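Got some structures for you, see below.
Presented sequentially are two complexes of chain A, the first with chain B as partner and the second with chain C.
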Partner chain A sequence: MTERLDGRQAPPADAAGGPSTGPAAPPSKKSRLGPSPAVAIAFLLPAALLLGIWVVYPIVYSLFRSLFDATGQGFVGLGNYATIFTDSGMLTTIRNNLIWVVVAPIVVTTLGLIFAVLTERIRWATAFKLIVFMPMAVSLMAAGVIFRLVYEENPDRGVANAILTTVHDTFSSAQGYPEARPREGDQSQVADQNGAVVTKQPAQAGQPVLIPIVGVRPEFMPSDAQPARAPAAGDGLAGTVWFDFTPGGGGVNGAVDGSERGLPGMTVEAVGSGGEVAATATTAEDGTFQFEGLPAGSYTVRLPQSNFEASYGGLTWLGPTLITPAIIGAFVWVWAGFAMVLIAAGLAAIPRDALEAARIDGASEWQVFRKITVPLLSPVLLVVFVTMIINTLKVFDLVFIIAPASVQPQANVVALEMWRVSFGGGGNQGLGSALAIFLLILVLPFMIMNIRRFRRGDS
Partner chain B sequence: MTTATVPAPSRLEAGAPRRGLAGRIVDRLGSGVVQVVMVVLGLFWLVPTLGLLVVSLRTTQVNNAEGWWTVFTKPAELTIQNYANLLGSGFTASFWNTVLITVPTTILVIGIAAMAGYAFAWMDFPGRDTTFLVVVGLLIVPIQIALIPVASLYGGAGIFGTIPGVVLFHVAFGLPFAIFLLRNFFVGIPASLLEAARMDGASEWKIFAQVVFPLGKPAIASLGIFQFLWVWNDMLIALVFADTGNQPMTKYLQSQMRQFGSNVDILSSGAFMSLVIPLVLFFAFQRYFVQGMMAGSVK
Partner chain C sequence: MRKGRTAAILAGLAVAVAACGNAPTTTAPTGSASAPASGGAKPLEGVTLEVAAKWTGAEQKNFEQVLKAFSDKTGAKVTYASTGEDTGAYLGPRIQGGSPPDVAILPQPGLVQQYADQDALKPLSDEVISEIDANYTPYWKELGSADGQVYGVLIKAAHKSLVWYRGQAFEDAGVQPPTTWDELVTAAQTVADSGTPPFSFCGASGWTLTDLFENVYLSTAGPENYDKLSKHEIPWTDPTVTTALEKIQQIVKNDFLVDGTSGTMQTDFPTCVSKVYGTDDAAMVIEADFVAVEAVQSGAKVGDEAKYFPFPKVGDTAPVVLGGDVAVAMKDSPGAMALLQFLASKEGGEIWAKLPGYLSPNKNVSPTNYPDELTRQLGQTIVSAGDAVRYDMSDLAPSAFGGTDGKGEWKVLQDFLRDPSDIKGAQEALESEAVKAWK
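Now for the complex of A and B:
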């Protein structure tokens, strides 16, 4: 077995629509009227010069430079490398890279696989593929601006929080009444207790409980609120929560007047003498509530504090906690199309017979997928996965653009820190070189893997 | 196949009718769910870019007051004012700088890599295979490794901050992929074609220029579009090696990021301008784009 790279096999370029006149005739030494090595060197010279000066020499230079301090005069040995692993800011950076490397490739590859499989089952597969693949053509800078807009915290501006709050409000009936408070005073039936509203006297079944609330800001008044109605004295513990305010004046404090409106969506609790919550109810559009299945006895009726908190406003995507997951989201948006297209090509190459045979033998779709499709796809999945690992290690633009300046320390990654330390105001090219070498060492295993795989595939 | 022959017929007969009916119902249901899921996913991928477009077509005041999705009820608020403002800003110059960096880089990479790829594919010289393995290794070298050394080289040569400096850096880092792609393509050219030309006494340069290069068009197209997009979209190299007078769009827009809130008008319209040409290229040449991507991943 020689290590010649003569391309006895169909080369990868076949995928690029290479001359498809069967397997390429191997250029063997005997049949070749090759030119002299001098001609070959002439053809290679421009590339060799560029690669030598711009790529190979810098690797050597960086290795040496990383052993010196910021001035380039003082030899510090491995001191710069020690800094990488001890400085607290650097450790955050490395931790972030670790999160990136663990999370992003898995998510991208999985999504790519799901997309590739599902596109086979829709008629508009081409349109879907174009849409998902499109971000590949967009610069990471533009993708960064796109996601700065998506992640704006105000749900009236950022589409991410707009969706979250809409979904949240759909599933949660609890309405927020921030700044609302009970009508206080000796005459009042209710009082404030650590932000919650409680009845002063224990309530019993048959006596309607009146809970007057004031200070409801107009913008928080639900549009579906109906005129308040005092519950009829009947069986069971029931009552009304209402906005005890008559527009235009008039009305009796603490009494349900005709023009006053109920407060829907309030959570009401019946609290027993031991302090335990015996039952929970929610007010209707006219503000009335009724406890179902409550044992007879006397209870304090309470509106818990949660009723008076501001409504849900979404997540702080660009804050210190969520910034890395948020940027990974943008990364997934950019790269899922790449994974999908590569995996879809692999999928198309799977012999249909194998799948059909398994289906005829009674295998479920999931079994076919698990036991046949995925194993046959594993070489492609590996290529996608490894490509994504390399990309996450080099991630720079997205972090730089999406993370606001104040949050950049929490979002930092090695590639960005390298730039910051050396050019972005850090002024320490010794440490910068050490970071660059560190990055090179991180991709080294994949470099070796590429070379090995290429040799195996080509000889 | 042979292992399944004996039990298969009975199972087929027994299972076929049930599977036919129930299976079809499940398929219908399943395909309905799949349709919905795919529409939602498609929206996830479409909406962010759509948002950028709408934001770029509204004034800062409108953008600060309400979400871009209100455009569906208030289309009258759309305006091209932001784009008109771009014309008078530093953006225009940065757009041309991007062109001046991208076009020469793409041409140089194609020319230099095609020559090297031809040598690797069809010429014999000592150490050829080892050298090519080095190129394969260089495919994924992070560009960070070269920023500091090349910056000091450029300082000495007096081209730091200039467009030629940026171009040469891009060319060098574009070469490993380009050589890899083209060499693998050229290897597939039928040997008889080249041998016939050599027998006729054609010079290597003539064979390269008149036989190999024209035959390599599909791969060269893939490489060209890839290289173009890569350089057009670069920010890191520009940040380091292009000074303010020579900066491409990415660097110009980055410099506006600090006041994101008040610069949304410039940033959104500028970012959208920067992605119009890549998107046009992408839609026009998606076939080559995909092919280049497939050939580029080492299998």
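Now for the complex of A and C:
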């Protein structure tokens, strides 16, 4: 296979030596049909020259440069290549590239196929295709800027989290005081226990339970909250939950001072000695609560964690864990339209009679799709797939723009690392060249594969 | 006719080359302008200059006003090109490609040495050096020199030992500006109790974290250790570093950070400033004097709502860490030298000083030029600061360690902010990065 490939894919310099009678015909040395070698050389020279300057020379020079250190003076042999495979940051980079190559082309090709097949059936196919294809008109850089905004963590700014929180809040909405916590310390009656607030000592009936809370964000403070007051000493178990912070400072910690406000709507539980909830109460506008119909005994008072749950804020898209999937999402948005258009073109070329014959024979639509459409489309699918692999291997701009600087090491890919190593910071163009050659070696098999497919398609 | 066309084609090519060098927004510089005729009102009429610096936004606008003053005076046409955060990444390819800007403003003195080694800098002319001698203390001249040769002039200083706060947040919580570290931690706790997260850190901009570390380290370990660590003469695994990181640990806990740790890691400078003064989410932001520019952008008035206090004493030394930008000539053109001379002069410094967010290291620029009282005080401290002042450590380090996104000290401190419990791991990571960078 390789021999045949080499034979047919002779580089321009060699081809210039012999006659070239067209790409499909085997070269024949004995009977010449084409022009003389001189004419052939004259015609090939401009192309060969340009390719030499812009393709061959840079590759050869990169290869040469990759054997030297940062200054370009010291010969390091394969040292730069050894660095690529030993440095932990580089290994993350290579791992990320693997994820990209495995995930992105499959998702893009599958989505493209689904869109292409479905648009055949709908009335507004052209409009739909236009919309899906439109991201192709946006440069990758602009797409990166767009998705940087989409993935903003704050739901007020980032669309992704705005959708997530809206969906989440329609099912369950948080009610309470997120990020608030008890005022702790030796003189405090209460302590934090796994997010819930509990009294340290069992509470006694007739003795009010004071639960000081601090760190209540202004936006979560209910407008109907009244100044806190200690409950009237009665016979039942009662107490006060209040915001133990006097605006402007002052006030005694752990004591209900004049201007401090109660925290209404808190759920309070009286927990028996066996850990069972004996009674539940809700605080009033002044923060007081009272357990009704509670049998005499010793109870711990607890504010369950549900009082302090933060409202759902969506996902940290731009954090270290989700960053690569998030950027792949942006990549899919850009390229799905391209895949769809190519596949749709292939779809249009499928002979209708094969599909109709299958339908007449009683095949279901799914069977037609699986047994007829996909096999007939496979050459196009492969071209799209391989093109996407090459695109993912050299992905640069999206990662550079979407990943915030603090997670760039986690989101890094080979092409970005190559640029960063060569021109950013260290200025180590030896290592950068080694990375470039590494990338070239990764891309090469897919390039050859694509070229071969195109040739087969031609003949 | 023919000549005109050739010139047009050449200009087109020059633009294309400049575009290859990541400078799509700039016009092509013409370095080979004829020498200015002596005398005349505008000696540099027809000369085009390109200046590259990292400033954007309001800082860029202010600098362009200074450039305009230079143009008005000399007749030279000056274009500004923004290098973005990573100056090395911008200038590197342009130097390699043989079309550097006439004047570059380097954010780190370390780059002066680096580019001098590459022969990319032009030694300053005698006129510029005499201007420097007249207006600067030897300490600043030293910062712009490499191997005994003067290449750069420090045109803008940054006071990095400040903590900015929102007056209303402190009033609501009833706390006073702290003077020691323990007071700062207590104040932060009180502010947190009042329901306002005390700190807004710029976790996505690694340099802000190095500034925090440098202040704490200078204060706890003292100037001598600071110098040693700057030159990597003591390892980062040194116990003094442990102490500094332990102090930082006290204030980077989740309860103290606006939007929590994960939100902080995505907040860059200046977004962290707008979280204090724009959306009023947090109470304090620890950064340099140039926060003022962004605070004004967020609608706060400096001295009124936007206030600051000196970085509190953590150990024995009250820290004063400075940063600064060094202007260098990358082309041997008379226009470049004239611009550097203008920037180093009293005249240029005073034009700039009247704009917000600028501090001049020029001792002859009178602090009365600054637009507000607070800046005046700062300017005085910089001019009169003695031997205890230290230059920003990360800016003295090789840029692979102290000046690159996602590498070296920036990365390790970001990882430390993400998980402040692992001090030992952070120190070992810092040391291994430092070994790689210094080698």
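Everything that follows uses one rule, which is that the second predicted complex is superposed on the first by the 268 of 459 C-alpha atoms of A that agree within 3 Å, B and C clash if a C-alpha of one lies under 4 Å from a C-alpha of the other, contacts with A are read in each partner's own complex, and residues count from 1 in each chain.
Keep in mind that, in the parts below, contacts are C-beta pairs under 8 Å (C-beta built on N, C-alpha and C of every residue); 3 or more make two chains touch, one makes a residue touch a chain.
Keep in mind that this is a model prediction, so the values were computed, not measured.
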Which superposed partner A:250 touches (first chain B, second chain C, both, neither): second
First (chain B), second (chain C), both or neither touched by A:439: first
Per-residue contact with chain A, leading partner among chain C and chain B: B
Touched partner set for A:106, first chain B, second chain C, both or neither: neither
Chain B versus chain C as contact partner of A:420, first or second or both or neither: second
Contacts of A:342 with chain B and chain C, given as first, second, both or neither: first
Contacts of A:404 with chain B and chain C, given as first, second, both or neither: both
First, second, both or neither for A:167, with chain B first and chain C second: neither
Partner chain(s) touched by A:412 [first = chain B, second = chain C, both, neither]: second
Partner chain in contact with A:319 - chain B first, chain C second, else both or neither: second
Chain C-contacting residues of chain A that also contact chain B: 404-405, 419, 422-423
Contact footprint of chain A on chain B as seen in their complex: 1, 4, 8, 11-12, 15, 30-31, 34-35, 37-38, 41-42, 44-49, 51-52, 55, 63-64, 66-69, 112-113, 115-116, 118-126, 128-129, 131-133, 135-142, 144-151, 153, 168-169, 171-173, 175-176, 179, 181, 184-185, 187-192, 194-195, 198-199, 204, 208, 215, 218-219, 222, 229, 232-236, 239-240, 249-250, 253-254, 257-258, 260, 264, 267-268, 271-272, 274-275, 278-279, 281-283, 286, 289-295, 297-299
Chain B-touching residues of chain A, taken from the complex the two chains share: 3-7, 10-19, 21, 24-27, 29, 31-35, 37, 39-41, 43-44, 46-48, 50-51, 53-59, 61-62, 65, 115, 118-119, 121-122, 127-128, 130-142, 145-150, 155-159, 162, 333, 336-338, 341-342, 345, 353, 357, 360-362, 379, 383-384, 387, 390, 393-394, 396-397, 400-401, 404-405, 415, 418-419, 422-423, 429, 432-433, 435-437, 439-440, 443, 446-448, 450-451, 453-455, 457
Complex contacts: residues of chain C adjacent to chain A: 85-86, 88-89, 92-93, 114, 171-175, 190, 192-196, 203-206, 255, 259, 262-263, 265-266, 268, 398-400, 403-408, 410-411, 414, 418, 437
In the complex, chain A residues that touch chain C: 153-154, 179-181, 183, 214-218, 221, 243-250, 316, 318-320, 404-409, 412, 419-420, 422-427
